[in-house]
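Next up, some structures in structure tokens.
The two complexes that follow have chain A in common; it is paired with chain B in the first and with chain C in the second.
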Partner chain A sequence: MFKAIIYKEWIKIRLVVYASLVLGLLALINIFLNVRHDILFVDAANYWYAFLFRGVIYFGILKFLPFIMGGGIAIAQYFPETVSKRIKLTFHLPYRENTLLIRMHAFGAGMLAAIYAVIILLFIGGSAIFFPSGIIIDSLLTLAPWFLGGLATYFLVALILMEPMWLYRAFYAIVSAGFVTLFYKIDSIGGYKHLLAFLALLTLLLSCVVLFSGYRFRKGEM
Partner chain B sequence: MYAIECKNLTHYYGSKLIYQNLSFNVEEGKILGLLGKNGTGKSTTINILNGFLQPTQGECLIYGENTQNISPATKRRIGFLIEGHIQYSFMNIHQIEKFYSGFYPNWNNKPYWELLSKLKVTPTQKLSTMSCGQRSQVALGLILAQDPDLLILDDFSMGLDPGYRRLFIDYLREYAKAENKTIFTTSHIIQDMERLIDDVLIMDYGKILAQQPIDTFMNRFKQFNIKLTYPDQEILADRIAVNIEKVKDKIEFYTYATEEEVKGFLNSQGIVYESFEEKKMSLEDAFIGLTRKY
Partner chain C sequence: MIKFSRYTLVFIGIIVASISIPSLYWTIFEKVPKSVQVYYSCTIDDFVLVDGQNRVDTKGNSYTNDEYERLLPFLFFRQLIADGEMPDSIKGVLVEPSAIGRASSFFRYIPRKIHAPQPALYPMLESQSGKVNLTMPDDYFRINKRIEFIDSKTNKINEEKSSLFTAAMADKGFVFPAAIIAGIPSNRKSCDEGYFITDDQGSLFQVKMVKGQPFVVKVDMPEKLDIVYIEAVDVRSKEFYCYVFTRNQGVYLLMEDVYELQRLPVDGFDPETMTFRMNSDLFNKCITVGGDNWYKAIAIDDMYDVVATTEDKWEGLYERTDGKVFAALFPFEIRTNIDDSAFVNFYFKLSPGFWWVIVNVISVFAFIFVLRKRGWEIKSNIIDVIVVALTGIFGLIAVLFFPNKFAKR
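And then the complex of A and B:
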């Protein structure tokens, strides 16, 4: 039965998964072509200096990509369930409703995390060609809140889409905008270093909120 | 043995009462049609039965389990058709069959492909590109392949042309009777119900007007057409008159009483008439006679 759930979820999100991977790959190609060009014409020492002491981020193009991917996968996965209240079909399957929703959600979040992992690994591999490990670690600390923000976006968009009442949806959207902004506010290198554990905990807590919308739907809030 | 038992259901939307203390049962192996005008609570009842709505008071049981908390094992015994034949339209006919087959151990895809072979669709055609009639056959085929003991069908005739409606009903009735299945169904097109159901449950605003086998209902409930000699004469409603519709000198008199009882009643009120005849009713006529034209 779990295989069947994954089968349906994959049909819904596969195009967005492919598009996200292509987008991520293009962004990485763009980043490392620029880095190569700048190092050739400026020289590596100055380039590293600009990063370490002037806070010039060479991978700024990646900032909102996780956010777009998170929102995209949530929409691809949950919007078809809400059209004509198709979620009724899903809740009617011979499965505990919460277990079903958790598995759907885990699959979506897992696919998103896998896309992020591919992008981060390629980023580390590309960076290793041009930069010492200290710069790579600082870069990863800068990227981390953006990717956590992408996961939080996935969880919150799912909550909004699964909510049966428009008034609540609007309320959730406003609160969610505030939450997600938290992940993208500081622009300096490693600026979130001391907040990462808090943001990770916040993202973890948000992972379950979709169950509340599912519960409200099942109790007949329409 | 009952497949469905609903006891003392009361439901409000905000302060609006939909019905109060509604109770009914559906026997195993029977096809029950729920009829009612818009807003009488048909969809509310379907939603309560499927666990998508918590009644304000009372409860419904399906195979002895409260519908608010049905176990996966019991859900496996229930086939559910959503109003408008809603299905996962982002899938094609192969994908959707493969998806559902993973949930039901007794899955039998023969009736599914048999029904779909009558349609002019390709195996990779997405449901979203099909007509409503074609989608209805997909939805029905999936339910038949699931092989449930109880089928809950919410307004199965919605959006279907007469050919598809007839195909749907004939296939469904033959299947239900051959396999001893229980069906709980609603439909806006009452003439369809006549071909399908064993028992009828007619709801009005807040109450049940009739619940009985359809043959008994159609034999007992009668329409008499009366032409008055003096059009100004008014007939006072009495307990034997369920509904009286008067247009000038013509009266439609709906009742559970016999012809003699009605004539005796008219005589007792001094009503003089030129003609008096019983009219053979269809289920739709009887429904309108019972619930009034509005």
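And then the complex of A and C:
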């Protein structure tokens, strides 16, 4: 039966997943066509210099993509469930309600993580053509908070959508907006180096918060 | 699991509240802190303290703008020449614009400089190409187990050059990898002096490229110095190569050609928290070290002997009204950006004093009032009560935004 549930989740989010992959690929193609073009015109030495000493990042276009993807998948997955409270049907299945919700949630988060992994791996591969390891590592340190922020967005949008009361939806949205902003504070290269581990831990903790509003939903909080 | 997810949310709520509410408070109420610029005047042999439009000396005499410019003939020599006020000689020394320009330099250190991301690679310029202009190279170097030059055209390591430089550095006793790499990675400078690099054991070296060959000097230290920051400069007087900051062992200049470390008279300088400025002119150097609410200025002559000092202290942040009110309202704050670091982080700052305890107690009573009104038991919400007691307004907002419905039944 879990297979069927996963299939149901896949039907809900597949369009967004495809769209995210296409969007990600287009962004990467754009990035590396630009890098190639600029290196031809200004020389690799000057292009490296701009990154190393002027803080010019060649992958700025990636900044809000993870955020959009995280929010998009969460909406595609949870919004239909809240329309006329369809998720109640799922909760009537002969399984523990929490287990079901966790599986659903893990599938969505797993798909999102897989999209991110594809984008990041292709980004590393493309960067390796033009740049040495030092620049690639610093680039990854710079975009890591953006991708973590995307995951946090997924978890928090799910929390907001599953919440049955509008007042508390607003409260969650205020806290979520404040929290997600923390991942996008500055663009300086390596500027998040010391906070990354803690942000990753907080994001990991957030992975289960949908259970909280899910519980309130089940208990018929109105 | 559900309870745990609620406490995660409460925790996130507290973090967000303790960042955004204090930030809002400071945006609205923060007053402009006092900041004083200090110069040393060779005409009155005294400091000139500039605070906004206020210009005074240490004896309390205040000066108009025109008088102030005449006090600092080296700083305002262009204006004074235009006005016909520039003296031909000062203290018996003939002063010419070219000499003034050569002797003038300005340098500023702030703690943010040691807490900032470092570039992954550096360009090594050719320092004696025989050409008038310096040119940027096509390769960049990094120093790990050895020094490696990477050609930007091919993105490959230049093995020959890397081995040559590694051998030359090892020969002078360099222990890989490098700790600090400091240079001027630009061709917009008067000449190239390469890089000042500390090795794994804290020894200081200069490494530059002369006609394609490595040139390495090991700098003798008077004692073992714990160097935390080096800034290479291009002073026109050609007096020194760089400023060297150590952890509580003083600030030094690395003198040009002789490679001697000249200690500056700023004992007790802490590079983690203090700022440092040095203004040089034909006769004196004026050094100002300072913190949030104090400074100490030291004027030295060209032999680095102290000729005068002055200092001042004023109200700190939490002694001012805006700071006092803050410390009474909030038990702590988290800042994501601080002046002393270029890194984003959660900088936790506990409020001084204990006035905030009152607001925390009020928050607890407010929370208990809400519980009573909802008909929930205090006993089953005891963790929430403790959270509010510890974190005050922030915790109150967090526990009310994410209500504890499990404890209701």
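For the reader, a short list of remarks on this structure follows.
Heads up, the rule we're going with is that the second predicted complex is superposed on the first by the 222 of 222 C-alpha atoms of A that agree within 3 Å, B and C clash if a C-alpha of one lies under 4 Å from a C-alpha of the other, contacts with A are read in each partner's own complex, and residues count from 1 in each chain.
Rule of thumb we're sticking to: a contact is a pair of C-beta atoms (placed from the backbone, for glycine too) under 8 Å apart; a residue touches a chain by one contact, two chains touch by 3 or more.
Since this is a predicted model, take the numbers as computed values, not measurements.
When both complexes are superposed on chain A, chain B and chain C end up sitting side by side without clashing. Once chain A of one complex is fitted onto chain A of the other, the partner contacts of A:95 are limited to chain B, with no touch recorded for chain C. Contact with chain B, but none with chain C, is seen for A:85 once the two complexes are overlaid on the shared chain. The three-chain arrangement built by superposing both structures on chain A places chain B and chain C 140° apart around the Cα centre of chain A, to the nearest 10. By the touch criterion stated above, A:3 is placed in contact with chain B alone, chain C being left untouched.
Looking at the shared chain after the overlay, A:219 reaches both chain B and chain C.
Contact comparison for chain A: of chain B and chain C, C touches the greater number of residues. In the superposition on chain A, contact of A:12 is made with chain B only, not with chain C.
Legend: residue contacts after superposition of the two complexes on their common chain; A:43 is shown touching chain C, with no touch to chain B. With both structures placed on the common chain, the touch criterion links A:211 to chain C but leaves chain B unconnected. With the two structures overlaid on their shared chain A, chain B and chain C come no closer than 8 Å at the level of C-alpha atoms. Comparing the two complexes, residues 219 of chain A contact chain B in one case and chain C in the other.
Across the complex, chain B is touched by residues 1, 3-4, 7-8, 11-12, 80, 84-86, 88-89, 91-96, 217-220 of chain A.
Per the touch definition, chain C reaches chain A in the complex via residues 1-2, 4-6, 8-9, 11-13, 15-17, 19-20, 117, 119-123, 136-140, 142, 150, 152-153, 155, 185-186, 336-337, 342-346, 398, 401-403, 405-406.
On the side of chain B, the complex with chain A involves touching residues 47, 50-54, 72-73, 75-76, 78, 80, 82, 84, 86-91, 95, 98-104. The touching residues of chain A, when paired with chain C in their complex, are 43-49, 52-53, 98, 129-132, 134-135, 137-138, 159, 168, 171-172, 174-175, 178-179, 182, 185-186, 188-195, 198, 202, 205-206, 208-212, 215-216, 219, 221.
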